[in-house]
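Two complexes follow with chain A in common, the first pairing it with chain B and the second with chain C.
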Partner chain A sequence: MFNFDAFLKSLSEIGSTILVVVLIVVVLEALLYLILVKWLKVKNALVYMLVSPAILGLLLLQIYPLLWEGYISMTNMSLSHFFNYSFIGLRNYVRVFTEPVLKQVTFLPLLWRTILWTLINVFFHVTGGMILALLLNRDMKMRGVYRMFIIIPWALPQVVAAMAWRGEFNYEYGWINVMLKQIGLTPVQWMTSPTPNFAAMCLVNIWLGIPFMTVIFLGGLQSISGEFYEAAEMDGASNWQKFWKITLPMMKPIMTPSIILGTVWTFNNFNIPFFINQYELESSDILVTALFRAAFEYNRYGFSAAFAYVIFFILLIYSAIYAKTTGALKGVKD
Partner chain B sequence: MKKLRIVLIFSILALAFAACSQGAEVPTDELTIQLWTQEGESDNALQYVTSLTDAFTTMYPNITFEVVQKDTETLREDFQTASLAGAAPDLLWTVSDHAGPFTTAGIIQPVDDYFDMDIYVPSVVMNGQTWGVPISSGNHLMLYYNKALIAEPPADTDELIAKAQELTSGDQYGIVYNMTEPFWLAPWLGGFDGSVFAEDGVTPTLNTQAMIDTLQFMYDLKFTYGVIPESVDYDTADTLFKEGKAAMLINGDWSLGGYQELLGEDFGVAPIPMVTSTGKYPAPYTSGKYFMFPKDLSGAKLDAVVKFVEFATNEENQLNQLNTLKRLPGLKAVLDNEAIASDPILAGSAKQMSYGVPMPSVVEMRCIWDAIKPEQNLVLAGNETPVDAAAAMQSAAEACILQLE
Partner chain C sequence: MTINNPTYDSSVEKPQKTKARKKSFFHANRGDSTFKRTIIHIILIGYCLISVYPLLRIFSVSLRPGNRVLSTDLSIIPPDATFENYRIVLFEQGLLQWIWNSIAVTVTTAIIGLIIAATSAYAFSRYKFKGRSTLLIYLLTTQMIPTAMLMVPLYILAIKLNMIGTYRGLIIAYSVTSVPFSIWILKGYYDTIPIELEEAAIIDGASPLQAFFKIILPLSTPALATTFLFNFSQAWNEFLIARIILGSQESILTWPLGLNRLMGQYLVQWGQYNAAAIIVSIPVMILFLSMSKYMISGLTLGSVKG
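And then the complex of A and B:
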C-alpha cells in the first residue's frame, strides 16, 4: 500500500531544503547572466554558467569542511573542550607521531600494518583477478553464468558481506572451524587472537575485491586483438611468453589505474577491518579505523582532525608519485 | 530586539514555573517534541515508547511527538554532533553511561529543579547534581538456569564448579556466558572485592589482587575445570542455553522475556553464586534507562517535556512497563509492588539487583572498558597470564585517561 500521507510528510520535510537549493541556483545563474553576458560580455559565458552550481556545491561540501577540519586540527577540541576549544597551533600534529594514537599503539606501527594490509590485499586482488579473467577469456559454454557468479561478492553491500563472514568465523558454529574440525585440525580463534583476526580480515577483503579486478581485466583482455597472439604463435612463443610479452604490456593502461584505485580503496577500507574486528582488538586496527575510534569513541576531535590530515597527505603523496612514474595521467594533460 | 526580550522574559517565566515542578502548566500552543530513543523494535520497547507518546498526545492534542530511533552508540554520536550544530532534539530516552560524555561536553542540563528525585530509584548523580530521570532500573546480569538440567541453583562458586563439572560432557556444558565482554567480568570483580575505580570514582584500580583473582577464576572455569566451551561470545552462549546444551547462563535482564517464553516452567533465575573465598556476592553493574534533558531545552517545550516525563514515570505507566517489558521500574513506589514479589522471575531479578553496584557513568569508564577487553580476551585465549594482564590493563587505562583531556 502506498502511504500517501507519509509521502507528503517526508516531502514537506525535505521540500524546504530543495526549494532553497533551487532558489540559490536561480539567483546565482541570474547574477552570472547579468554580470558575464550583459555587463562584461564574456565569450564563453555559458560554460561558466553551467559549471558554477557545481563549483559552488564543491566549495560548500568539500572545500569548506576541509578548511574547517584544518582549523579544528589546530585546536584542543574534545569532549571537555566541546564549545570552548582554543587554538594550540601544530601541537596535535606532533602528538600524532609521538603519542599513542589509540590505547597503546603508536602511529608508525599502525602505518606499517596498514601498508602490509594494503600490499597483501592488492596483490591477491590483482593476481586473483587476472587468473579469473584469463580463465573466462576463452570460448566456453555458460560463460555468462560463471561471470555472474564471480561478480556476486562485488554486488553485495560490504557491511552485509562483513556481517555474514563474521558469523562464519565464530569459534563454535562458524563454517570454517566446523570444516577444520571435520578434517581433524584444531579450530582457530579467529575473533580473539590477533594474527588469525588479521588473517580473517584479509581473507574477507580478498574475496570481496577479486570480482572488481576480474571484470575490469576481462574488459581489457577482450580488447587485445587476436592478431598479436597469432603472430606470436607463428614465431613459436609459449603460452608463458605470450602472457609476459603481449598480455601484460597491453594490459598496462588498464591495470595502472585499477591498481591505484585498488590501493587507495584498500588503504581506506573501513567496513571490513571495523566489522570483522568484533572485539576491537587494537592489533587489527588500520589507520582509518583507528581514526574513527579516536574521533568518535574517544572524542579527541582536534587530534583526530590532525590525524586525518596526516592520512590524507600520505595518500596524496602516494598518488602523485604513482601517477608521475607510470605516466597514468598523461592523457589528461595532453 | 523586542522579540528577543519577549523570548527572554518567557524563558525566565518558564524556568520559574518549572522550578515549582509539579505546578508546571501544560502549554496550550501547538508543539512538536522530538524524542530520541535507543529502544529497539525487536523487544517491543520502541512500540512501548510510541504507545506512551500517543497516549500523551490523546490527552493534550496540541502536543505531538516525533520519535526517532537510533542505536545506542549512534544516538550518543549524533546527539553530540547535533548539539554542536545547535540542532539538538528536545528529549532523550537513553542509557546511563551517556551521562558521562554529555555532562563533560556540557550538552545536557540537571533535572533536580524539575522533579522530586526522592520518589525515584538512585539516578545518575555527578558533581552533586542529577542528570537523568529513571524510566527503568536494572540492566544487570544474573544467573539463569534450566530446571530440566539442574534442580537448584548453586549457592557459591565451589558448588557452581562441582555442579558444572557434573553437567559437562560432550557438547553439553555446565555454564556459559559471554566471556569476551568486560561487562561480564565486572560482577566477578565485585565478588572478589575489587572495583575498577578508587574512592574518587575516576582513578583506575585495575592492577589489583582482586583483578588477578577474577581473571584466574575465569581462566580456571575454562581451562582448569573445563566447564565452559573453548570460545563463547554472546550469541554462542545464548544459543547453547536456548538449545538446552548449557545448564546455566549469565545474562542480563533484557533477555528475561525471551527465555521465559522459550523454556516456560523450566526457566529459573537466581543471583550469581557467592564467591567462596571472599564470602561476597558478585556485583553486576546496574543502570537503566533515563530521560535526559538537552542543555538548551527551555520555555514551553520544557514545560511540555516535564509533563510528559511525569506522565511516563507515573505509577500506572511504570506498572504497565513492568508487565509489558519485564523491566524493573524507576519509580520506588512500584518497586515494592506485589507484582514483583509474586513473580519468581522478577523477584529473582530484583534480588540480584540488590547485590549490584551502579555502573560508573563518568567518561573515564570508556577507558576502563577498552583497557580490560583485549587483556581479558588474551587471558581467556591462554595467551597471557592474569598478572601480566592486570598490569597491562592499568597502564592502558591510565594512558587512555591522559588522552581524554
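And then the complex of A and C:
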C-alpha cells in the first residue's frame, strides 16, 4: 500500500540531504577560495577547488572509516561491549586464524573455498565468454537478436536473478529437480547439502558472468584486422593455430584487465553466495559473506574488523602482484 | 597498457567495423560450410534459451494464482493465468512505496555523484598538480576494496551519527562510493577532447571554468550519460549497504530489501515475489539493453586505459 505520509517524509528527507550536501560544498569552496586565492595566492587554485569535494567525501567515507576500522580491529567491540569496549591489541588478528570465524568454519577453509570459487567462476566466464564471442563474430542472421538475449542475465538485477534461481533449486518444485526426475535421475538436495549448494552458487554466478565477458571479448575480436588471418592462411595455418597465435595474443590487452576485474568482482561477490545459500550453510560461505555474518549475525564488530583487514591485505597483495606484472599503473604517470 | 579507445562517436566507428567485417577471417563465409553454420546457430539458440529461461520462469510463476504457485508444472503460460499477483504487490503490498524509495535515493545519489566526479575528473584530465598520480592510483585501488570491508565502520558511524533508518546516510554513502569509478570514466573521456578547443576559448577571453562548462561539459554528454546510468544501476541494485543502514522499518525499504522481505524465511509468497521481480526488472532491463553499447565502451575506457 502506498503510504502518503512516508512519501512526504522521504521527499523532505531527500530535500534536506541535498541541501546539506550543497551547503557543505559551498562552504568548502568558499573557504578554499579565501585561503588559496585571496590569502596564499596559489597559482592553480582552481584545481584544488575542483577536486576538493571528491577528496573530502572519500576522506570522510573511505579513509576515515578504514583507519577507524583499523582501530576497532584492536578492540573487543561487540553488541555487549558497544560503548565500553577496551583495547586488546592484536588478539583479534590471532583469533581470525586460530578460532572459528563463525560457529565452526575456520579461516583457512574459507580462504580455499573463496579461491576455488573465484577460479571456477572466472575460468568459465572467460572460456564461455570467449566461445560465445567467437561464435558471434561473423556475418550471420539474427546476430543482434542473439547478442541481446545473451546480455539479459547481466541486465537483470542481481538480487532478482539470485532469488529467482533460488526458487529453481527448490527440492520439489524447482525445474532442475523436476527435469532430473523426468529423465529418471534422483533429485539433488541443492539447498541443504554442502557440495550441491556450492555447485548451485557457482552455476548461478557463471550464468551471470558470461554475458559481460562475451560482450567485452566481442568488442575486442572486432578490432582485430583480418589481414593477420589472411597472412596466416597463406602460410597454411589451421584454425586452431590461428586462435592461439593470432587471436589470443591480439586479445591480451582486453583480456588481462577484464580477467583482473572479473577476479576481484568474483572474490568480492556478496549477493550470489548470500542468497543462494538459503539455509545459511557455513559450508557455502565465502570470505565476504562470512564477514557479513560475523559482523551482523554474531555482532562481533572488533573481530570482524580484523577479519576485514585480513581480506583487504589478501586483495592488496593480489593487486600489487597484478600491477607489477602487467605494468598497469604506468599510464597513470603521464 | 593501451588499447584503442572505443569511441562514443558511432559515425567514426562504423566504417572501420564494416571494413573489419569484410576482411576478417572469421567473418568471411569461405570457412563456414552450411553444416558449420547450422551447428553455430543451434549452439547460440541453446545458449539464448539458457539465458532467458529463468526470466521466463519468473514471468510464468508471477501469472499463477496463489494456490497454484508451488507446482511442478513447467509450462510458461499457465492455463489459469491471472494478473492477481501484480494487483496484490502493487496495491496491497508496499511495492509502489519501495520503488518510489529506490527511485528517490538512486536518482539523488546518481546526480550528486555525477556532479562531484565531473568536476574533479576535469582537474585530473587537464592539470598537473601535486599528488595527482598518487590520487589516481588511490582511486583505482578503491575498486579492489569490497563493500563488505567498510560495512562495520559505516554501520557504527551511522549509529553514532543517528543515521540508521534514514536515507541521508544511504545517499551519502552511495554517492561517494560511485565517485572513483566515475572519475576514471570521465577522465578517460575528457582526455580524448582536444585541449586546443579550450585554449581557443581562453584566448577569446573565457575563464577556465567557463571553458569547462561551455565546451567540455556539452561535448561530454555521452560520457556523462554513461556515468549517470552506471551510478544509477549500481545504486538501484544495491542490497548490502541498504540493508545495514535502512534497518527493517517497512515503509522506508528500497526494492531489493522489500523483495527480500516478500521472500520471508518460511512462508514465501512466490507468486507475489515473482510479480514484483518482473515489475522492477523490466524497466531497468530495457534501459540497460538500449544503453549497453555505451556502457561497455565506458567500462573499457575506465578500466583498460590504465
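Please note the rule applied: the second predicted complex is superposed on the first by the 321 of 334 C-alpha atoms of A that agree within 3 Å, B and C clash if a C-alpha of one lies under 4 Å from a C-alpha of the other, contacts with A are read in each partner's own complex, and residues count from 1 in each chain.
Rule of thumb we're sticking to: contacts are C-beta pairs under 8 Å (C-beta built on N, C-alpha and C of every residue); 3 or more make two chains touch, one makes a residue touch a chain.
Model, not experiment: these values are computed from the prediction.
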item	value
Which superposed partner A:L8 touches (first chain B, second chain C, both, neither)	neither
Which superposed partner A:V215 touches (first chain B, second chain C, both, neither)	second
Touching partner for A:F296 - first (chain B), second (chain C), both, neither	both
Touching partner for A:I224 - first (chain B), second (chain C), both, neither	second
Partner chain(s) touched by A:I317 [first = chain B, second = chain C, both, neither]	neither
Partner chain(s) touched by A:Y173 [first = chain B, second = chain C, both, neither]	both
Partner, of chain C and chain B, that touches more residues belonging to chain A	C
First (chain B), second (chain C), both or neither touched by A:N137	second
Touching both chain C and chain B, counted on chain A across the two superposed complexes	172-173, 296
Residues on chain A engaged by chain B in the complex (per definition of touch)	78-80, 82-83, 99-100, 103-104, 170-173, 187, 189, 191-193, 278-282, 296-300, 303
Touching residues on chain C, where the partner in the complex is chain A	1-4, 6, 17, 20-29, 31-32, 37, 40-41, 43-45, 47-48, 50-52, 54-55, 57-58, 61, 70-72, 74, 91-94, 96-97, 100-101, 104-105, 108, 112, 116-117, 119-120, 122-124, 127, 129, 133, 135-137, 140-157, 166-168, 171-173, 175-177, 179-180, 183, 208-209, 236-237, 239-240, 244, 251-252, 256, 259-260, 263, 270, 273-274, 277, 280-281, 284-285, 288-289, 292, 296-297, 299-300, 303-306
Of chain B, residues touching chain A in the complex	77, 80, 83-84, 101, 104-107, 180, 229-233, 235-236, 239-240, 363, 366, 370-371, 373-374, 377-378, 380-381, 383, 395-396, 399-400, 403-405
Residues on chain A engaged by chain C in the complex (per definition of touch)	1-3, 6-7, 10-11, 13-14, 16-18, 20-21, 44, 46-48, 50-51, 53-55, 57-58, 60-62, 65-66, 68-69, 72, 77, 132, 134-140, 142, 145-146, 148-161, 163-165, 167-168, 172-173, 175, 178-179, 207, 211, 215-216, 219, 221-227, 229-230, 232-233, 239, 242, 253-254, 256-258, 261, 264, 267-268, 270-271, 288, 291-292, 295-296, 301, 304-305, 308, 311-312, 315-316, 318-319, 326-333
